[in-house]
Each structure stands twice: as C-alpha cells, then as structure tokens.
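Presented sequentially are two complexes of chain A, the first with chain B as partner and the second with chain C.
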Partner chain A sequence: MDCVATGGNVKVLAKAIHSLSRIGEELYLEPLEDGLALRSVNSSRSAFACFLLSPLFFQRYQTPSDQSFRCKMPIKSVQAVFKSLASLDRSVEKCRIQLNSEKNRLTITLHCKHGLLKTHNLSYQECEGLQAVFDKESCANVLQAQPRLMVDTVLHFPPSLEEVNLSVSSDRVWLRNHVEDDADSSRAMMTELCLSSEEFDHFAVGSQTSVTFCLKELRGLLVFAESSGLPVSLYFDEPGSPVILSVTDSVLEANFVLATLSEDSHPKNHVNTKHPDTEQPPDDFMSDDMDSFLIAMETSELPVPSHVPTSPPRPTSYRKHSFSEEEEEEEEALAEGPPNKKFCSLFFGSVLPTPSHLPNQTMQSQEVLASDSEDENQTETS
Partner chain B sequence: MPLSTQSQADADQYILIASLDNARNLSNILKAISLRDHAIFNATQNGLKVTVEDSKCLQANAFIQAEIFQEYIIKEDAVGFQVNLTVLLDCLTIFGGSTVPGVCTALRMCYNGYGYPLTLFLEEGGVVTVCKINTQEPEEPIDFDFCSTNVTNKVILQSESLKEAFSELDMTSEVLQITMSPSHPYFRLSTFGNSGNAHYDYPKDSDMMELFHCTSEASTCKYKMSLLKPSTKALALSCKVSVRTDSRGFLSLQYLVRNDDGQICFVEYYCCPDEEVEEE
Partner chain C sequence: MKFRAKIIDVGCLNHFTRVVNTVSRLTKACVLRLTCDHLYFVLSGRVASGGVSMWCELSQGNFFDEFQLEGVSADANEIFLEVAPENLSRALKTAQNAKSVKIKLTKKSCPCLTLAAELPSLSSVSRVVTHDIPVDVIPRRLWHDFREPQMPDFDVSIYLPPLKTMKSVVDRMKNLSNYLVLEANLNGEMNLKIDTDLVSVTTHFKELGNPPWGDDGSQSSSPAHRDPDLMAEARVEIRKLQQFLTGQQVNPSRAMCNIVDRRILHLIFLHEDVSLQYFIPAVV
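Let's look at the complex of A and B:
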C-alpha cells in the first residue's frame, strides 16, 4: 500500500483523524478500490463514523496487493503523528502512508520544509472490517445546512449536554436539550432553538418527526465541516432509526451515523418495557466482548454514496403560528415525558449482507434493531 | 535609584556584586536549567557560571558573562556557593513579570562570602524588595571530561526546526536515540514508544543545518528521555544549538541564547549515554 497526500490535503487528513478521535478509541483503516476508508466506532456501538478519501484525494494511491487488508490501531498514536495541527499546512509538504507487512508496521512519513523528514512506524492489528449498515436514500427527512449554522446552533447547548432532540415539522426545525426521566424538572435548564426551513440549503421533511441523539459525537463532525467549509446533510427517519450526518465533496465523503433513542409506547413507564427476545442483541454489544463482536460482524460493501441534493430556491418567508402558540405546544409535548432512555446499538452484527440486499436495506429489516417503537410520534401536533 | 542608596560600608563587605537593569536577563536563562532544586554558583572575573545536576548523569550549565551585567564586581579569584534555585527564581520574578514595555525589574545581587546569605535587591516602579537566600557549601560539579579532541561528531542546527521535533517527541519512549552519520540519515532523533517508533531526520544539506561534521563512522547513542526532556526549555530560548558526541557516547548540547537586550549567553547540557544493563 502506498498513498501520498500533498499540500492542503495533509491537513484535511489530519482533521479527519482528529474528528474520528471524538467517536472512538481506535482507528480502522481499510484501503479500498474506491478510496481509503478511515472509520471509528464508540464503545457502546451507538455512534459510527467513516471518512472515505477517494483516490483523487491523493497524489498517488496504490492499494495493497492483498485485497482484503484491514487494520486498526489506537487512534491516539495516529493523532500523535499529526500533533501540531496548526502548523501542518505551513511545515508539511507531503504525507506518505505505506504498509510494511513484513514487520507489521504502518509507516507514515511526513516530508517537511527544510528537508526535515518525520517517519512514524506504527504497529497495527489486523482485524475484520467495520461497517455500519445504513441507507441515506431511504430516509424520509433530509436537511442540508452550512456548517456555520450548525456550529452556531450547537453553541447554545452546554458542552456537558449528552443528548439533543431534533424535531421537524413541514417548515421548522427545533433543537432541544433532552432531559432525563428522573431529573428534577424544576432544576433542569431547558434550552430550545427554533430554525425556519429558510435557514437550510435543503429542507425535505416527509413527516413530522422527533429524534434524540448524542450531541458529543456530532461536534466531531462539525469541527471538520467548519474547517472544510462544506455543507452538512442530515438524514433521519423515525426515532430508533439512526441519524446520518454527511459531508461530501468531489474527493471525500464523511458519514457520521448516530443512534437515536427509540420510542416507548408508554412514555411514563420507566421500567424497561422491551420484549425479552429483543433484549438479547444489545447485550452482546454491551458486554463489549471483542471476540463475539467480531464473529458477529461481517464485512460489507460500502453503501453507494448518496446523491447530495442540490439546494433548491429558498421559500418565501412566512410564519404559520405566532410564537406564543408554539410555546404552548412545546409544553404539551414535554408533559408527556421524554422517551424511555435506551440507545440501541443498531448497526452491527448478525445481518449477513448480500450485494443485492445492501443498497435497499433499511433499518427495519435488521434483526438486531431492538426498537419496539410503534408509529406514534411524540412531537406536538400542529 | 533606591538600589544605589546603600551605604558604602555595606558595599565594602561584599565579595561579589552583580547588577542588572533587567532581572529577566538572569531569570530566563536560569529557568532553562532549572531541572532540580539546587544550583551551584561559580563566579569568576569572566562572569557567572551556574550548574545544576541530575542523578550524576546529566549536567546543565548557564554562562552569563561579566559584560552582560551593568555592574560586576568580584573581589576574589573565584566565588562559589550553592542556593535553592527554585527560591532564587521565585525571588527574581517576585514582581510577577510585567509585560508592559519599558517596565522591568532591576536587580542587584550581593554576596558577603562563605556563611553569608545571597542578598538580592529588586526594584520595580519605585518598590524595593530585599531577599536573603541561605547559601550552602558548594558541591563540586562533575567533570564530564568532554574535550574537543574526543568529539567524533558535531552538528549545529537552527533551533527552530529542532523545537518542533522536541515538542512532538513520544514521551512513552524511555530513550531518545541520536544517530549521526556521514551518510543517510545524517542526523536522526528516534523514539521507541508504545505505539511504535518514530524518526526525525535532518539531512546534511538542509538550510537548517549550519554545520555538519561527521567522522567516517556513524554513531548511535541512546539517552534517557527523562533526562533530556528538560533541555526543551533551553531549546525554546535559543536560536542555535550544537550537538556533539564523543568517543564514549557522551552528549553535549550547547545552546546560543539571546537575551532581551540581544546579548549572547550560553547554556550547555551534558548527558551520559543510557547503558543497557545485562540482567543476571
């Protein structure tokens, strides 16, 4: 394997790695015909990120002779190679990634100014592929926004906030912090942000939905998107189905897949109401046993990069409801209580993908999906 | 100036008087060698030499020539004492280090001789502080016996490029390996850490390389990372550094430091190679 990235792309590569470090502890590397795939997953398997750098991203791209080479390594060791991020574009001219299979080392060489050469020989572990099964095409709702908008939005939520709730109606988007069932409502701080559909480059809402997902992992993508200036696309369905955040340009594609809270049919019932048979699959992952996890995982083809919708002409501005009316609606929704808290590790495991199934596979057909959500939504009625 | 209103009688008793308009010209360079608590001061007609040692394997020296001082009076051939360097630095920076241009701490350092404390008169903005620091019997600094005739390899580099390398060094590595060779890789710093090894190569024709002098043999020596890491402080202050190894594998790092007024001072580090001990 021999890949060479030059100029500004070295910094993009470094930022991708730093972005992935916000998700998991390990970096999974897989050189494919389509490009270099860099992936990471969190320990509870509820967040997955993948950066696919196409061969055009590189000045030189050569896959290893062994077609099925896949490895993983602690992400901190790779981050150490690109330590001084700020000075990377000033000092590094070229970055070369080579595989030394005899010594089991991945060699990353940075050719810097003044003839300085930095060589890092990192040890890696060969492993099975890591791939979340998701399909952006099948998502009912698609939003696309400039990264600045998302960064400014997220800024209003405290850094300690774990989960955020995203609700959409036909012309508006709400972001709220998600409060625990047992939290004292008089002491909890509620933050709510409402954005009109005009703020988005693309706004396609199939049906009113409300999904809750982890904010921390989202921030990792936003940092990358902001520095690259690329718009961020959000794909989501109903609660329980993952939210997919995507940043694409001609030479790279980044997908962050985050699990969402599944809905409970009886929101006020705090006891875990999941059916016994659906409880089993999440337990496999909760025990974090790598062996059983690896056995369960199958390598799969990467999903076909979805077509990023071009921004439609902006709708004319108008308001349906006055602000006070909306407030009342929010309160009503909140009074029902937040959904039963249990993130499902949705993506990995027992599904055996076949090429014919993959592109159209939706979350619903997965055995491992533990959501017993009924179709009723928790969003306020309009 | 308040410092000059000391009585003449007091002044007569001192065997060493050194004054600076800007105490930072002393404190900055002492920070570059502040590895341990105790420092050995050795003052001669030429100036001040301050030595700090670590576990008998590493020695750091700072040289401040007599010309740097606004006033330098020494009444004996050599004046030596030992003080707590941490306390001395705290006193020198007692006014907190103002960043307002033109405002700096003035220093008058006085010593009566054996058994007397080191007296510091510090003044900033009309406020005078007097500090008396107890002195101890000076220990004899180790003589690393590093002479030019034994030097096998020598390089002089601009500090800029080395600073980046030192700041990125893999601290999980126990040793820092320095290779100097007449052929590729010329000058190489290597670490062997938990995630793998890393090499920083400086070619001999790099514009950062001011001098490259290697004998016919390549030399590779390992030094304990914990001993060499503190030298990063000296590196940060310097504009040029010379790296020399001798036939025994001993390392000499010499840093050229320009102080606030553009005057030149030197800092040097001597380090023993890390011998691998055969386990019985």
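Let's look at the complex of A and C:
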C-alpha cells in the first residue's frame, strides 16, 4: 500500500484522525478500491465514524496487493504523528503512508520543508472489518445545515452534556437536553433551542419525530465540518434507528453514526433478519435480548478487552455480562455509567462474505498467522 | 405569585450577566429576593457557608425594560427564591447577543425561573433558547433569615488598594499560609500580614484614604476620638478573601472595607447601580 497526500490535504487527514479520536480508542484502517477508509467505534458500540478518502484525495493511491488487508491501531499513536495542526500547515509538504507487511508496520512519512523527513513506524494489528450497517437513503428525515449553525446550536448545551433530544415538526426543529427519568431529574436545568426550518439548507421531514442521541461524539464531526466549511447533513428516522451525520465533498465522505434511544426497552433489530445465523452468543456474553447485532460485531473482531464493564448491565441494555447478580446491581448503582444504557447498539456486520461466524472463527486471521509459524516450525524441523 | 421581566438592551444584559457571574463564583446556592424596585442575591452566614455572608443589591430599573412582580401577598409584595446562580450564569452565557431576554417564574415539574432568549438567526424567524432553572420558593416565615445585614459598628473604614494588586498579593500569600491578617487604620494605612513558623510576610499600603462616614453610617468611635494610627485587624481565612477577590468581573467604582476589630471583615464594592457586600468572620 502506498498513499501520498500533499499540501492542504495533509491537514485534512490530520483533522479526520483527530475527529475519529473523539469516538474511540482505536483507528481502523482499510484501503479500498473506492478510497482509504478510516474508522472508529466507541467502547459501548453506540457511536461509529468513518472517513472515506477517495483516490482523488491523494496524489498517489495504491492499494496493497492483498485485497483484504485491514488493520487497526491505537489512535493515540496515529494522533502523535499529526500532533500539531499549526505546524503541519507550516512545514509539512507531503505525507506518505506505506504498508510494510513483512515487519507488520505502517510507515507514515512526513516530508517537511528543508528536506526534513519524519518517519513513524506504527505497529498494527490485523483485524476483520468494522462497519456499521446503515442506510442514509432510507431515512425519512433529512436536514442539511451549514456547520456554523450546528456549532452555534451545540454551544447552548454544556460540554458535559451527554444526551440530547432532537425533535422535528413540519417547520421547526427543537434541541433539548435529555434528562434521565429519575429522582434527580426534576432538579436538573432544562435547556431547549428552537430553530426554524428556514435556517437549514435542506429540510425534509417525513413525519414529526423525536430522537435522542449522544452529543459528545457529535462534537468531533462538528469540529471537522467547521474547519472544512462543508455543510453537515443529518439523516434520521424513528427512535431506535441510528442518526447519521454526514459531511461530503468531491474527494471525501465522512459519516458519523450514532445510536438513538429506543422508545421501548428492546432495541430495534430489524436487521436481525439479514443475519439469522449470527445469533449464537460468544462465550463472554449471556445476552438474553435481541443482541445478535452486537454479537455479530463482536464475532467480527478479535477478542479485545471489550468485555470491560463499560456499560452498566441494566435489563434493557444491549450488553449484559456474565457476572453475578450482585455485581450487576452494583454497576447499576453507579450513576456514572456511560449514558447509553438504553441505547440501541449499532449493527455491525462482518465485512467478510461468509455469513456464519462462530466465536472460534474470529481467530481466523490470527489462525492464519499461527499457521505460518507452524509452517515455519515444520520447515525448521523437517 | 407572578414574576416577569425583560431585558432588551445589550449593555444591560452584559452587565447583568457579569453580576450573576460574580455571584456564581462566590457561592453555589443563594437566595434571590425580588421586590418591585430591586433584586437581591443573598447568602446568609451559616455554618455551611463557613460563616461568610453576602448581600448583592441591584436596582431593577437599571437593567430591565419590563418588570412585573406580584409577591406572596399584598402586604408582602416580594418573592424569595433559592437558586443556584451557576445555572443562571450558564443560561445567560449563550444569550449575550440576544435581541431580548425574558425571565419568568414558571411551574414545570417544580417551580422554575425560565429564561427565554431570542437570538439572531439566519432566517426571518428568530432562534429561541429557553432555559428552565429549578428554584425553591422560600416561605414567608423564613424571610427574616435573609434580611439586609446591618452595617456593623466598625472600628476602621478604609478604601481598598487597587484590586489587581491586592489580588496578586493575596494569591501569593495563599501559597504560604491559610490565614491572613488584614489591618488598617484611619490614616489610610493597610497591612496584609501572614505569619507562619517558617516565614512572616507583610505588605504595606499607604495613602489609601478613609471613607467619610457621616450621619449615614454608624461608628462606635468617631474619627475625632479614635487614634488615627491605631490598627484594627481581622484574621481571616485567605481562601475566603481570595474567593471574593477572584470572583470580581468588573472593577468596582468604589471598593472599601470596614473592620470590626477581631470580629468581622466587611467588604463593600460599589459599581454604578450594583452594590456588593461580603462579610468574612474573623478567626482567632
């Protein structure tokens, strides 16, 4: 793989990575025919982001010979390469990303002024693909606005606010802070912002709807959109279906997919029918809910410490741990748990064409590596 | 009980916001007393607040274009609300360029002070941001806790040195000690002193001037009788003094303090139409 970005696009690339860092801890990289896909997902699987940089974004774009190369790495190490945006602007002329598959390193070289070369060798982990299943075109409601409008709107809410509710009618949009229904809720300060549909570049509302999602993860996209000056499109449907925020231009497409609070306790799971055979839970999870979408996501990844109890296991949550009941109660008592206790998880389908994924098949990519070493041993011993 | 008020002038809005910001830095919760002519932010000296008390008085006419109040009853035409000034501060923060800001007492799931700001927008229809700030209505039988504090019989009254200077001195002293002695005399001299096992530091201020209290104020000993060089002092927690000085967003037109020897430090800041009084009890 060999990609070269030049000039202002280096900064755009850097900003994309910084945006993704607001979502999750790991950066998933996949060079496709269509372009370089950079993705991230949060630990509770309720927010997903993908930047697709088309071949035209790059001065040079060459995909690896191995068509199915996919990897992930800690996003902090990639951020460290693109640390100071201001200095990137001033001094970096070219950025080259190459894959060194023998050494399992992703080499990022920054060609700076005065012939200075900064080379970063990042180790990566091969993995299966990460992709949330969503369909923008099928969403009933579409809004598009200048990033300035979105930023100004979000300003009214404190940075610490987790959940926000977006409601639309035929000519108005309301944004409210969402407060959990518990004893404390009556004492919380409520903020509501009402905008007219005229403020939007595009306003297509199928029917009056109200969705609730996490604001925090959205801010990463807004920062990117504001600096790029590109309009932000918002696609959403009924509660339970994800909200998709999208920024597009001729050479890149960014999609931020955020899970929304479902009205009833069961997460909407209409995509279940597409992958009926992914219902088998992995060993770590004793989910009794319709969690197959979550399971599908889990089976498509290598076992990473994602079973760390980041979300309190309330009965309506999509994640339930095989811990004892006491521990569950203890975790429930922690009010500080992540906000998306009742959020629907996003469906993540495996990118590989084969539909059936049993837990041991997650080891496939690792198994491949293992088999190489076995071969080596065999050749050595033989 | 009814309360509605409206601010249309940007300058008034900014000024009101600054006052609220100052109050929010001094205390997490306070009482908002509303009368036909004034607004008061009151913190009554309790153990919970560490004994400090605050009285901030605003003349309503200088801020609001419309102001309607119907108090608890005809003979008690006032409203007392317990509120977290930080919420008010937060609500006002993003409304600084509003065309108008309306404040109303409402009842949502609990009594609220609802702030509605009409903001400029890209279209013909304004953006409206509404904040519902939960408040507690204080019953009349508790109103006496929040009376205007009486001017204490002070021993010395003196103008403070420039706030910036005083603040930087106090900030540095805070690193060395938890307590500070503020002493002053009727000769316009003030000293800020700290005294620990390791170090003693004194900062001297001269020619500060003493406010002329005439028939308005009360003084235990009139200037003629008190030795002008005699210092009156109050030993206070530096943290409390620092908190007060740090919170100030506006340079007051007049800043002075009254000292009741070894009892109270009474700080008074006046700025146009706002007066802020802060009482810090002296410690042994």
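Note that the second predicted complex is superposed on the first by the 269 of 382 C-alpha atoms of A that agree within 3 Å, B and C clash if a C-alpha of one lies under 4 Å from a C-alpha of the other, contacts with A are read in each partner's own complex, and residues count from 1 in each chain.
One rule holds for everything that comes next: a residue touches a chain if its C-beta (ideal position, glycine included) is under 8 Å from a C-beta of that chain, and two chains touch if they have at least 3 such contacts.
Just so it is clear, the structure is predicted and the values come from calculations on it, not from any experiment.
Could you check whether chain B and chain C clash or fit when both are placed on chain A?
They fit: once the shared chain is superposed, the two partners occupy separate space.
With the two structures laid over each other on chain A, which partner does A:I75 touch: chain B (first), chain C (second), both, or neither?
So A:I75 meets neither chain B nor chain C here.
Looking at A:L215 after the superposition, I want to know if it touches chain B, chain C, both of them or none. Which is it: first, second, both, neither?
The answer is neither, since A:L215 touches no partner chain.
Classify the contacts of A:L117 with the two partner chains as first (chain B alone), second (chain C alone), both, or neither.
After superposition on chain A, A:L117 lies in contact with chain B alone.
Would you check which partner chain A:L13 touches, where first means chain B only, second means chain C only, and both and neither mean what they say?
Neither partner.
For A:A37, decide between first (touching chain B), second (touching chain C), both and neither.
Once the two structures are laid over each other on A, A:A37 reaches no partner at all.
After the superposition on A, what does A:S87 contact: first (chain B), second (chain C), both or neither?
After superposition on chain A, A:S87 lies in contact with chain B alone.
Please work out whether A:R105 is in contact with chain B alone, chain C alone, both, or neither, and reply first, second, both or neither.
first
Based on the superposed arrangement, let me know which partner A:A188 touches: chain B (first), chain C (second), both, or neither?
After superposition on chain A, A:A188 lies in contact with chain C alone.
So if I take every C-alpha atom in chain B and every one in chain C after superposing, what is the smallest distance between them in Å?
It is 9 Å, taken between the nearest C-alpha atoms.
Could you tell me which stretches of chain A are touched by chain B in one complex and by chain C in the other?
Correct list for chain A: none, the interfaces share no residue.
For the complex, give me every residue of chain A touching chain C.
149, 155-156, 158, 185-196, 198-199
Okay, in this complex, where on chain B does chain A touch?
161, 164-165, 167-168, 170, 185, 194-203, 205-208
Considering the complex alone, what residue numbers of chain C touch chain A?
87, 90-91, 94, 108-110, 121-125, 127-134
With touch defined as at the start, can you tell me which chain A residues reach chain B in the complex?
73-74, 76-77, 80-81, 83-84, 87, 91, 105, 114-123
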